[in-house]
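Which chain is which? They are A, B, C and D, in the order written, and residues in each are numbered from 1.
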Amino acid sequence: MALDKNGIAKRIAKEVKNGYYVNLGIGIPTLVANFVRDDIEVEFQSENGVLGMGPFPFDGEEDADIINAGKQTITTMPGASFFDSATSFSMIRGKHVHLTILGAMEVAENGDIANWKIPGKMVKGMGGAMDLVASADNIIVAMMHTNKRGESKLLKKCSLPLTGVGCVTKVVTNLAVLEIKENAFHLLERAPGVSVEEIKNATEGTLIVNGEIPEMKI
Amino acid sequence: MALDKNGIAKRIAKEVKNGYYVNLGIGIPTLVANFVRDDIEVEFQSENGVLGMGPFPFDGEEDADIINAGKQTITTMPGASFFDSATSFSMIRGKHVHLTILGAMEVAENGDIANWKIPGKMVKGMGGAMDLVASADNIIVAMMHTNKRGESKLLKKCSLPLTGVGCVTKVVTNLAVLEIKENAFHLLERAPGVSVEEIKNATEGTLIVNGEIPEMKI
Amino acid sequence: MINKKVNNVEEALNGVKDGMTFMLGGFGLCGIPENAISELVKLNVRDVTCISNNAGVDDFGLGLLLQNKQIKKMISSYVGENDEFERQMLSGELEVELTPQGTLAEKCRAAQAGFPAFYTPAGFGTEVAEGKETRDFDGKMYVLEPAFKADFAFVKAWKGDAAGNLVFKGTARNFNANMCGAAKITVAEVEELVPVGELDPNQIHIPGIFVQRIFQGKNYEKRIEQRTVRQKN
Amino acid sequence: MINKKVNNVEEALNGVKDGMTFMLGGFGLCGIPENAISELVKLNVRDVTCISNNAGVDDFGLGLLLQNKQIKKMISSYVGENDEFERQMLSGELEVELTPQGTLAEKCRAAQAGFPAFYTPAGFGTEVAEGKETRDFDGKMYVLEPAFKADFAFVKAWKGDAAGNLVFKGTARNFNANMCGAAKITVAEVEELVPVGELDPNQIHIPGIFVQRIFQGKNYEKRIEQRTVRQKN
C-alpha cells in the first residue's frame, strides 16, 4: 500500500542521524520532525532565523515574533538561538546544515529539481529553496511519486523552471525510496505492498533496479 | 611657531562636524578626541569593535576586554555598542564612518599615502589602515611636515610601499593645513608664525599657494 | 552620542518620493514595519520599487500598497500567501524580480558593508542566473550578484534608543537587521524606545551608526499568518 | 540539542597535527584563546600556519609559538608590539602574509558563510593586490580576495553552553566571532560554561551550529597591553 504523507515523513525521519542540523521545507518535510528518534541529538534550523525549533506552542502561548519559514507559530528548545537572515544563510551556504528535506514538483534523473514555478500559471517563488539546494551536500526530496493527473514526477529531464541542478541525492515518495547517482534513479526500497512494477510504471526517468528490492521498514 | 602634536590634534578637531562618526588612528589622531567641541554630537569608532568610545578609565577600573585599536584600555559612552571585526569593517567599507584621521610616513600630491612599511627595515603591518583609506571619502592625515632627517613627507610620489592610492583629502602638519586636489597640495592655512616660504621649503610635492594664506585659528 | 530620534512617522518618512526604491524588513508578517507601511499608503507614493522578502497578505503589510497599485516593481523571494501579488505578477501589471532568499539577504548585507557584488551558488543553472556572470571556484559554479541600491530602508525593531541602537525579538530580526545601513536612509520604528544607556552595549543587534532615524511606533497589530498550536493534554 | 562539550583542552585539541592551518581569535591580547595556545605550545606542533590579526607579544599569546619556532607562516594585519615577530619576518625565517584587517575579517566570514571569494577596495594599488584579480565596479577598483581555508579555529568567548552557543564580552568579540565555523573544526574555550537554556536565545552572538567543541577554560591571565588610565580629581 502506498504511503500517506505521514508515512513518507516517517521513512525520511530514519535518514536523520545523530548530530545533524536539519532544515525542513514546507509540507511533508515539516512532518518529519514528529518522527525523529528520541535517542539522537538533532537540531532543526529554519531559514527565517531560528535554530533549535521545538513543537507548536500550546494554545494561547503563540507569539507573533516566533515563527518558522512556513509562517507557523513555533516554540524553541533549550539551546536555541535567533539570528538575522544573512547569518541564517551563512549556516546553509557554509554547509553547517547537514541535511535539507524539501518538496518538489519534479525531480530529474540527474538530480535537477523544480519546485517554485509553473510558467503562466503559478508562481510561489523560490524562497530559500535555491540557496538550500545549491549549498547542501545531502538533499532529500519528499513528494508524491505522481502528480494529480497521474503523471510521473521522477523524470528524465525537468519540464518546469529549475530550482537547482544536479543536487538531489535521495527521493522518498509514497511508493519508494530512490537514490540519485550516475544519471539514474536507483531503487532502494519499496513502500509496503507496492511492487517494483508499479514503481517502474510511475517513474518516467531511468530506473535502476538491482537485485531484490526490500520493503521499507518504518 | 610650528605646532606640537597637541596643536595638530587641536586643529584637526575643527574638521570634526556635528553628527560625524569618526575613526582615529594611533598617535596624533588619538589626541584629536580631547579637543572636539563639547556642543556637537560625535561618536568615535575603533575598528577592533567598539562605537561610542569614551575617555580612558579611572585608575583601577580598566578592563582587559575593553580596549581600542591601539590596545589601550578605554571606556564607553552611553549609547555605545560592541561588535565583531567583520561588522566593524562593514561600518568602514560601507562609508558609515564619515571621517578617518590617521598618521603617515609619506603623502603624495595625488593623495597616495604610505604608512605601514619600510622595506628591509621596519614592518608594522597595515592593520585597518588599508581598509580605512580605501573606503572613506574624507581622509585627513595628521603628521609632521618633515621626517627626523628634515626631509619632506609631502612628496611628488611616495617612495615607500603604499597604503592607499589617491585617497587623502587633507593633510594637517606642524606647519600647515593643505588640501589635496588636482595632483597638488593646496595650502589653506599656515601654523601661527610660520611663513609660506618655510612651508614651500618643507614641501617636495607641488604646492599651490593661492592669494593670502591665513594663519590657523586654533 | 548622535541623536537619531524623530518625533513621529511623518518626520521619519520625510523625503519619500514617487519612483524611489524602498527596502522593507520582515518575513511574512513577522517583524514588518507596520507604521512605515501605513504612512506609505497615506502618502500615496507611486511607482515605487520594494525590496522585501514577501509582500504581506492581501489586506495587510505590503499587500496594502499592492492593492493601492503604488508598487511598480517587487524584489522578493516568495509570493505565496498573497493572491493579489500573484495576480498582478501573472497579469504583468507588476514587475517582479524573484530572488533566492539567501541572495536577497546578502544583497542587503553587501550594501550595508560596502561590497559591490558577491558570488553565490544559489540559482546557478536556473533562470535566476540568466544574463548574469557565472564562475567556477574550486570546481563549483557561482553566480555574481550585485549589492542592492535603495533610497530608504524601513525596519522594525523590538527596542531601540535615540542613538539608533536596535534590538530585535525572536524571528522578527530576519531581514530587518540586514537592511539597516543598506539604503541611503534607514528608518527604524521600535515597539519600545528606551533611554540611551539602558541597552547593554554588548547586546545590541544593530549599532546606531546603521540607522539615520528612529521613532516610537504605535498600534502594532503583529498579525499571525499561520496560527499553529497544540492542545495541553 | 547537539552536545559540543568536551572535558578539557586536551580533548578539545584532539586531531591537531604538524603542518596544519589554524585560526586564532583575538585582537592584540584581547580575547585570545589562552588555553588553546598553551596547549599548542605543549603539543609542540610544528610548521603551522596561523591566521590571527596579531601574534601576541614576545612572551604571551602567539608570541609563545613564535619563540618556540612552531610557526611556519603568519597571516596577520599587524606585527607591531612583537619584536620577535618582526625579527623573524625581516630575517626571512618566518613567512608572513600581511592582510588588511577588514580583509582578514571578511576572509573569515566568507569561509563561515560559504562564499568562495569577495571583492574589497582595501589594498587596491598596493603590494597587497599584486598578482590578484582587480575589477572596476561603478568606477571604483576592487581586489578579489579568496576565503580562508583552515583546519582548526580556536576562539575564546565569555560565556557559552554545551550546545556551542557563545556570548562575547566587549571588544574581546573581534575576530573570535568571525572565525567560528570558518575552519573544519571550531574549538571554543569559555570563561564560563553555563547550563543549556541559561543564555537568552535572542542574545547569542554565535549560534552553536558554528562550533564543534566547547570547553570550560581556566587560569585566564587576560593581560593588558597598554594600560591607559586617568586619575580621579
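The working rule: a residue touches a chain if its C-beta (ideal position, glycine included) is under 8 Å from a C-beta of that chain, and two chains touch if they have at least 3 such contacts.
The model shown is predicted, which means the values in this text are computed figures rather than measured ones.
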Set of chains adjacent to subunit A and to subunit B: C, D
Relative to subunit A, chain with the most remote C-alpha centre: B
Chain pair with more C-beta contacts, B-D versus A-D: B-D
Distance from the mean Cα position of subunit D to that of subunit C, given in whole angstrom: 33
Subunit A and subunit D, separation of their C-alpha mean positions in angstrom: 36
Rounded Å distance between subunit A and subunit C, as computed from the means of their C-alpha atoms: 28
Where subunit C touches two or more other chains, by residue: 109, 114-115, 120-121, 168-170, 201-202
Where subunit A touches two or more other chains, by residue: 50, 82-83, 86, 89, 92-93, 135
Which chain pairs touch, all of them: A-C, A-D, B-C, B-D, C-D
Interfacial residue positions of subunit D with respect to subunit C in the complex: 114-121, 137-138, 140, 142, 167-170, 201-203
Residue numbers on subunit C that touch subunit B, as the complex places them: 1-3, 109, 111-115, 161-163, 165, 181, 196-197, 201-202, 204, 207-210
List of subunit C residues in touch with subunit A within their complex: 27-31, 53, 76-81, 86, 89-90, 96, 98, 100-106, 108-109, 120-128, 158, 168-178, 205, 222-232
Footprint of subunit D on subunit B - complex, ascending: 46-50, 55-74, 82-86, 88-89, 92-93, 112, 116, 120-131, 134-135, 161-166
Of subunit A, residues touching subunit D in the complex: 19-21, 41-43, 45, 50-52, 76-83, 86-87, 89-97, 135
